[in-house]
Structures are given as structure tokens and as C-alpha cells.
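Common to both upcoming complexes is subunit A, partnered first by subunit B, then by subunit C.
Moving on to the complex of A and B:
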């Protein structure tokens, strides 16, 4: 099962890296006379309203669809791990302050904040990604912090403290490896959440210019073509679902495996 | 009017079906237990105000036309016709004298007076009212009742479009009510009273509107006894509501989606010429667009027929001039002059561009509203212009933000517009296209193309005493636009209207009160 999940994600990653180059047609090339048609030998997944090849746009859109969520996941993971570890290790007023700030951030409706930020204020897709990383971080901080509180009570941590090791060494060399299963699983969940949220923003027509090959945007642009070429919107939706499911399940598997390894 | 949305809305209103309405029978039966003469109407937008002064948009004017009579009507050819004014005279070019129809009562039973009619127009000139229809009546100097049954309108200067504009916006309400509510007449809290075929029973911006037959209406009794209007903002949900029989009718039928409506059992879609025009404006004061050769190159490079076919799906036509086809017909009949055109020709486009200071092409940012047809059209235009080295960077914006930006004339470059108009008179459109006043913020001249000579032409057009004069001035201006290319006409769409087969209606471009045009089938 794990091999299947890794293969799915690897293929998606490969498409993100070389999809544009291997696309059978120019993903931007229009043929207004052809318009939206179903699958054919020349267009395996048919074309959209502007006569663009759907398969080529899916391949070219993989980069946009996956790169930004990876960036969000990496940013969220680094930030939440560092802050959660610190809050859990230090405790006291630092912990209380950080948790109250996290509570406040968690209470904010994330998608609404993104829509306001990108749609109303403007600022482009980059700001949406940054905002998403910031909005996802508080939840993960809480998770890491609670695990750190638990690990801090463990004998190995007490020993390290008694030996007078530097706090940074205790946190990153001793506590962090024991949090790894959760951190890795959270990173994959952040990736999934970002993938779906950014596709949602694109679907709402916010952030990316019309015509950009992007899975979320393709669903929005082609949803009126279900009677002419259903694959034009179903294919990107299916890809989002498959990649998100694979990442979620892989995160689950990795958590179990790493937890079992740690227990042994 | 204050925005293209409002104008589009108005146009939509005026493009709907009319039918000869005779008497009706009220029978129980049919789907959902609704009466046979009750129409359930679905609308993508919700009416915000039942007074044109504060609700000059399609969803609102749809209801206004059913409830409020105007002094003048438009007949099937779009010519001014009697309504509350049973006749009028024009003693001199600056004066109109309207004779009020006798025996007319408002829906509350109070009689209509000349004072009501005069005040209903004069209030649009009052800055306190801040009427959205004020721009229609800038040429009006004064309005006064004359005796018990006449209204005198004095113009600052002759305006040949006045009667057509009055047919749209001179809605008559009781003076007492309008005077007491200068700013909130027509709101859900205040409501409105008119002499129209229907009266308002319920008005909620969120939950909908209910109308019933006005027992005091002076004219032909409508066949429907009741109309229930419900807002369904998603087009697909709206279509399914008609398909399932939950709703009976809508005018929110996009020509691009016609294929979906045509196959629906029990629902009949109808398309008829729309008084609208879709075009590109080129901001003549902005960078490379200052150069007429660049503008002509763009005109040659844009495949207008392909875009027209894509956007109308056969329910419309490519546009040769920046004027809705019904207005072109009203001015020229079938003898339309041959205006200079720029056929799709990449070689010719490159040759024109070579004559400019931007022979190698250039890049330009183009903002557009991320809803509606703009994204699709601008993608097609960008692909065409890329062939001659002009790279458009498309920047999507939420519709409201884009509209504000446009109305502020902020950063205009190449913009796509779909505007609809209410009358067949070019005096409604051309000031938007070439007027210096409209070239300022809040105006509709998005190209910024104007000159003292064109302003003088507009004055001459307004003062035209004959159709021949009007034709000459319109032709001069259209020739000028064809030569200087501040606009690239793209297409005009038909208007769509879908009706459950339990009802029938006759539809034409100038129908105002659509509900009066619908009748139960077989009645």
C-alpha cells in the first residue's frame, strides 16, 4: 500500500517538475473554432472552451498545484515545530502567551481571511501562500507543544536536563526526534490542507490570472462544460482528490511506522 | 446610471417579452399546489430597491416595471408611445407638454395627479435625492404641473433622446410618499406605490418578493394574479430549479448556455435581439495605446468572429460598430453605411504595428473582473495579441473592486465591456463613447477618447430635429470611431428568457413589464 501511495505522489511530483516539457500540446495554445470537445486521439482528455488541450494543461498545472502547497507545508512545519518546542520546553508565561496568541489565530476563519487578503486587498498569490502558512501554524504549534510537554517529563529528558545540556541541544537533539512521527504526519496534512485550500481559492477566481494552468482554476473554468467535455473539470478534481488522499494516507502510515520504530 | 452593471441590468429589463394579455382565470392545480395563474420567477440577482433613483439595476427595474408606470412607453419598434401620458406636444424644441391619462389611480386607491407626475420627474434633479437616474435628465431645466391634467417639461437645451429616456426612468409615484422619503423610497422598509399592473405584497432583499394584481390598474388586467420572485444566484442551480418545476420562469438565460436550456423538458427558452454591445476599449491616453497605429494593429489582430462565435454560440452576432444592433436599426433601418472595418489579419496587424513606435511589440497589464465573461474574452484577446508581439498580463480582480477601479478610470488599458442600453436612441450611447464628460471618473468613456469637436457633434445630435439630421451626426461619429479605433466592437448577444410550458409569453426587445406579458397556457 505504501508503495502505491509513494508512487502516486512521486508521479505527481514528476509531473510538477517536467509536466510542462512533456505536455503533448502547448497548454496555452487556443483553438476557438474547435472549442470544447471530448477525448480524441489528438486530445486524450479533450479540450476546454477555448480549444486548449486538457491533458497538457493538467501536466503543466501540476507545478502550480503542488509547488505552493509544498511551500506552505515546509513553512508551517518549520515554524510550528520551532515555536511548539520552545513553548512546551520553556513553559511559564512564554508558553501562556504563545498559546493565547495561537488560540486567537485558530479562532480566525482561515479561508475567509485568505479571501479578504487576496481577493479584496490584493497582493497576489504569494501573499496567499504566506498567509496560509501563518494561519496553519498555530494549530501545529499546539500539537508540538503538547507533545513536548509530555516528552519533557520523560526520564531521558530529565537526564539531559540534569546533565546541564543546553536547552537548544535538549530540544532539537533529544526531544525533536521523539516528535518526528507527529511532525511528519502534520507536514503532510498541512500539504493536503494547502492543496485543497489553494485549489479552492483558484476555484473562486482569486489569486491566479485566468488561463493559468492550475488544477483548481481548471475546475472553475470548465465546470460549465460537463455536457461537452466532463473530463475538463472532473480530471483536475480527481487529481486533487487522489493526491490529497495519497498524502493523507501516507502521513498516517508514516506516523504509525515511525511510532512503532520509536517504541522498539 | 452609475455603472455598467446597472446599465446591463436596465437593458436586461427592457429586453423582455411582452404579450397581449387578456383576462385570466384563477384555478387551483398544477405543481406544488400553486394557482395556475401564479408565476414563480427565478432571478440571479436580488432587487435592492423599488425606486429607480436608488435601484437602477436589472433585478430592481424588473419589479419597478411591473409596479410603477412611466409617463411614456416604448412600442414594439422602440418608438415612444403613450402610457400615463395619453399624448404630448412639443410647442418648441425646448418644451414638452404631456396630457395625463384620466381616471388613473394608484394601487392604494388614491387618484393620480399632474402634481404627482411632475414631482416624480423633478425629484431626479434634486441633489438631496441623489438619483442614480439623474444623468438621464441633465438636460431638463424644470418640470411643473399645468392645470389638473398636464405636465410641462422645459429643457435647458433640446434633447432628441428625452422621450426614450423618460420611457425608462420617469416612473410615477405619489408625491406625498416620495417627498416624505427622498432617500429611502422603494426600500424594503418603505416600499413603493404605483399605478402599474401589479402591487407589492412583500419585499425582502433576502427572501424574495411577492406581487399581486393591482385592482386599481387603469389598463388591461394582467393574466397573472400573483408573481413570486425568488433569488437563486448560482446559474446552474437556477436552471435546475426550472427543470424540476420548482420555478416557472427566468430571464437569466445566458446565450453561451443555450444548449443546456434547449434540451430541457417542459421548459421553453426564447431568444430575441438584445440592445447590448460587447467591446474592447483602448485607453488612448495610455502608453503605446496613444498611437493610432497600435490601436489599428490590435483591431486587425483580434479575431472578432471567433470570439463572437464563442461567446454567443449562435445567439448573437459579431458587431461591426460600437452600437447595439437595435440602435443601429433604429437609426439606419436596413441601409446601414459601410463603416471602415479591420478584418482579422495578422499580417496587416504586424504591418500596422510596424508603422508605430512599438514595432517590436510591448507588454501591458490588463485588469479584469474575475466573474462573468471577461476572463474568457480577455484570454482569447491576449492569445491573439501575442501573435503580433503584444503581451497582455492579465490581472484578475473581484468584480466589485474591478468595477470601482474602472469607474475611477484607474489604470485603464485594454478593457472588455458588455453594456446594455434601455432605448433605441443613440443619444443614450454615444455620449458614453465620445463625450468629454464621460471621459472623467464615474463616466462610461473608458477609452478617454473625446474632443471639443465630438462634444459639439453630441450637442448637434441632441438637437436633431429630423431623423436625417440624427443619421448624419451618428454617421459622422461612427466614422470617426472607425478611423481612430478607441474601441473594438466584438459582438452583441441575444437576450434569453425561459418559461415553463404551463405559461406562454411573447417576447421582444423593448418589453418592459415582463410579468404582464406572461399568461397561463391555454387561457
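Moving on to the complex of A and C:
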């Protein structure tokens, strides 16, 4: 099962890297005479209203569909791991402040905030990515912090403390490796959340100019073609679903590994 | 007395939160590109005269706190201004659209409770079995699927390919409306249901370790009695806790679902208003959803107090 999930994600990653190069057609080339038609030998997933090849547009969009969420996941994970370790290990006012902020951020409908911010103030994907990292970090801080609290009680951590090691060394060399599966799992979940949110923004027509080959935008633009070429909007919807599901299931498995390891 | 103090603090926090939200909301107008004049002009020609008229009409030359105070006074007395795109009072537009969104949300909540609670219990009873694994994996996937992707898949599968449900519109009679809103409600409910299933399962598994459950089983009570009369009642508490999460999922989901199904509710109104920079509408909808979040979280706290004596005691200790 794990092998299947990793294969799915690796394939998506491959598409993101070489998608542009292997696309059978120019993703922007229009063929107004042809219009929207179903799958054929020339166009495996058919064409959209302007006669553009759906498969090529999906491949061309894979890069940006996956790159930005990876960026959000990496940023969120680095920030939340450092802050969560610090809050969990040191405690004190920094800890209580961070937990208050986390409570507030978790209660907020984040997507609504993103839509209003990016939609009204503008600034496109760059802004959206930054806002997302800020919105996702507090939740992850909480996860890392609670695990740090648990690990701090363990004999090895006490031993490291008794030896008089520097706190930063204890945090990053002793505690962090034991948190690794959870950190990776929550990075995967941040990736999913960012993938879904960014696709959602472009589905609503926010953050991207029309005509960009983007999975979320394709769902919206081809929504009216469900009778002519349903694949034009179903294929991007299915792709987002498959990638998001695979990353979520993989992340869940990692969380399970962690809790089993703790119980042993 | 202690409970009153606890409630008082919660209310104060809620008012404070709404206050901060209102400042940010008001700031939207100033922060929008081109400045407030450009937004308020809308499609009208931008000449020095019209700009001056707008500045005078909206008192744009006053300092920010003065403008904010004036705006807040209007809002508190129920005047949310005039929509720039529709040239109509914002309150009227929202009142017109509210029934669709409210109906959709209520329908989704019914599905969530009716499907989520039993599935979570079943998964817990059959722990580790095929049924449990199936339910657990399905709920994970339901959490991962974005509601707009699910909407499109449902729309194609059940409305276009099978023809069981209508593709567009909301229907005239109440019966028709239920049929029309079924697919959108399912799309909206799926993520919420998954949250409830997972929470219910975890709560029931936790309960299974409790002595009173062991005792009830040892007394030879029938399995349904044990699970429904003993477990369900206690498991309701943790499920209540995720009420806030579910609400957030509901508010956000409605945006996408309404857009995907072409429903003219508050969600599609917000998306349109954001696109057209119709700030007064955006402001009222943001304030409205903020108020809903705050009020529902307050109600959840109250429900907790009412349902669980332990929480009541804890609140008094803390106060």
C-alpha cells in the first residue's frame, strides 16, 4: 500500500518536472474549428472549448500545481518545527503566547481569509503562498509542541540534560530525530492543504490570469463542457483528488507508525 | 456566580475578537488597489469632479479612526451601505440570497449527523475489521478531496451521466428544492461527515476502555443497548468539540459548492463581490461569517457546560 502511494506521488512529481517537455501539443495552441471534442488518438483526453489539448494543459499545469504547495509545506514545516520545539522544550510565556495564537488561527476559516485577502488586495500566487504559510504554521506548531512535551519526559532526554548539553543541541540532535515521522507527516498534510487551497483559489478565478494552464482553473473553465467533453474538467478534478488522497493516506500511515512506536 | 464570571469572560473575548475583525474589515476598503475612491466610483467615469464628490460623500478626508467610528455606528444600526455593483442596499441583497445558503447548510448538517454518527460507531464496534478499515480510509479520502472537485465529479456522475438529479437551478416547490439541493449538500457534507466519523470512532474506542462499559457488558446487556445508551451519550461530547471545525468547513465549502453548482447563495455572492471589488458586500459577508463563528463557538461552550457536569465543575474551579 505504501509503495502504491509513493509511486503515485513520484509520478506526479515526474510530471511536474518534465510535463512541459513531454506534452504532445502546445498547451496554448487553439483550434477553434475543432472546438470541444471527446478523446481521440490525437487528443487522448480530448480538447476544451478553444480546441486546446487537455492532456498537454494538464502536464503543463503540473509544475505550478505541485511546486507552490511544496514551497508552502517546506516553509511551514521548517518554521513550525523550530518554533514548536522551542515552545515545547522551553515553555514559559513564549509557549503560552504561541498557543493562544494557534487557538485563534485554528478557529479561523482560513480559506475565507485567503479569498478576501488575495481577491481584494491582489498580488497573485506569491501573496497567496505567503498567507497560506502564515495560516498553516500555528496548527503544526501545536503538533510539534505536544510531541516535544512527551519526548522531553523520556529517559534519553533527561540523560542529555544531565550531561549538561546545550539546549539547542538537545532540541535538534536528540529530540528532533524522534519527532521526524510526525514532522514528515505534518509536512505532507500541509502540502495537501496548500494544493487544495491553491487549486480552490484558481477555481474561484482568484490569483491567476485566465488562460493559464492550471488544474483548478481548468475545472472552472471547462465546467460547462460536461456534455461535450466531460474529461476536460473531470480529469483535473480527479488528478487533484488522487494526489491529495495519496499524500493524506501516506501522512496518516506515518502518524500511525509514530503512535505505534510510542506504544512499544 | 463562578459560571457567570466564566461566561462573562467568554463574552468579552468574543466582543474583542469581533472588534478586531471589524477594524480589519473596514481596512479592506483602504487597502484595496487604487484606494477607496477608485473602488467607490465603480464603473462611473473618473474625473476630478466625481472624485471630489466621492471624497465628500464618504468623508474620505477625515482621519481613519473617525471614518471607522462612523462606519461602525452605521453597521451597528443595521446600515451596511450600498452595493457598488448592484446599486442596492447590501442588507437587501444578502437577505435575498440567504435562504439558499441556509437551506444548503442545514441540509448538509442533517446528512453529517445522520451518516457520520452511525458510521463512526460502526467503525469503532468493528475495530480492525474490513468494515472499519474501509470506513477509516474512505473518511480520510473524503477529508482530502476538495469540495469543488467532488462537486464536479458528483455533477457529472449523477446529473449528467445518470440523469438522476437536475444540473442547474434550485427548483420552485419545497420538494423540488430538496431534490435540487441534494448533490450540493452531499458535496458540502462529505468533509464534515469525515470529521465526525473520525472523532466518533476515536471517542467510542476510548470509551471502550472505560470500566462502566466493561461493567455494562459484564451485566450481559445487549450490544446495541451498550453502544447506544452508554457509548453514544458519552461520545457526543468530543464530537461537540469539533463543532467549530465543522462550521469552518461548512462556511468555506459553501463558497466552492455554490460556485460549482451555479447556485445563487451567499458563497457565490462573495466570490462575485471579491472579483468586482464590491467592498461593501465583502465587508458585510466577512462580518457576518465572523459573527457566526464567534456565536457558534460560544454556543458550543454553553452546550458543553449544560451537557457535562465535569466541565461545569472545571469551569468553576478555573474561575
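Some points to look at:
Note that the second predicted complex is superposed on the first by the 253 of 264 C-alpha atoms of A that agree within 3 Å, B and C clash if a C-alpha of one lies under 4 Å from a C-alpha of the other, contacts with A are read in each partner's own complex, and residues count from 1 in each chain.
By definition in this document, a residue touches a chain if its C-beta (ideal position, glycine included) is under 8 Å from a C-beta of that chain, and two chains touch if they have at least 3 such contacts.
Treat the numbers as computed from the prediction; the structure is a model and nothing was measured.
Subunit B and subunit C, once both complexes are superposed via subunit A, clash.
Look at A:252: by the touch rule set out above, it reaches subunit C but stays clear of subunit B.
In the superposition on chain A, contact of A:200 is made with subunit C only, not with subunit B. In the superposed model, A:30 makes contact with subunit B only, not with subunit C. A simple residue count on subunit A separates subunit B from subunit C, and the partner touching more is C.
By the touch criterion defined above, A:112 lies against subunit C but remains apart from subunit B after alignment on the C-alpha atoms of chain A. Touch criterion met: A:211 reaches subunit B, while subunit C stays clear of it.
Of the two partner chains placed by superposition, only subunit B is touched by A:49; subunit C is not.
After overlaying the two complexes on the shared chain, residue contacts for A:41 are found with neither subunit B nor subunit C.
Contacts of A:163 after superposition: neither subunit B nor subunit C is touched.
Contacts of A:155 after superposition: neither subunit B nor subunit C is touched. Overlay on chain A, subunit C versus subunit B, candidates 127-135, 145-153, 163-171 or 289-297: the clashing stretch is 163-171. According to the touch criterion, the shared surface of subunit A, contacted by subunit B in one complex and subunit C in the other, consists of residues 119-120, 122, 205-206, 227. If you check the complex, the residues on subunit A that touch subunit B are 28, 30, 32-33, 35, 49-50, 119-120, 122, 205-211, 221, 224, 227.
Interface residues of subunit C, counted against subunit A in their complex, comprise 17, 28, 31-33, 137, 140-141, 143-146, 148-150, 152-153, 155-156, 160-161, 167, 244-245, 247-248, 251-252, 255-256, 259-260, 270-271, 274-275, 277, 279, 282, 286, 289, 293, 297. Residue ranges of subunit A in contact with subunit C, taken from their complex: 104, 106-112, 115-116, 119-122, 192, 196, 199-200, 203-206, 216, 219-220, 223, 226-227, 230, 233-234, 237-238, 240-241, 244-245, 247-249, 252. Put simply, subunit B touches subunit A in their complex at residues 236, 256-257, 259-260, 303, 306-307, 309-310, 368, 370-371, 375-376, 378-380, 382-383, 393-398, 401.
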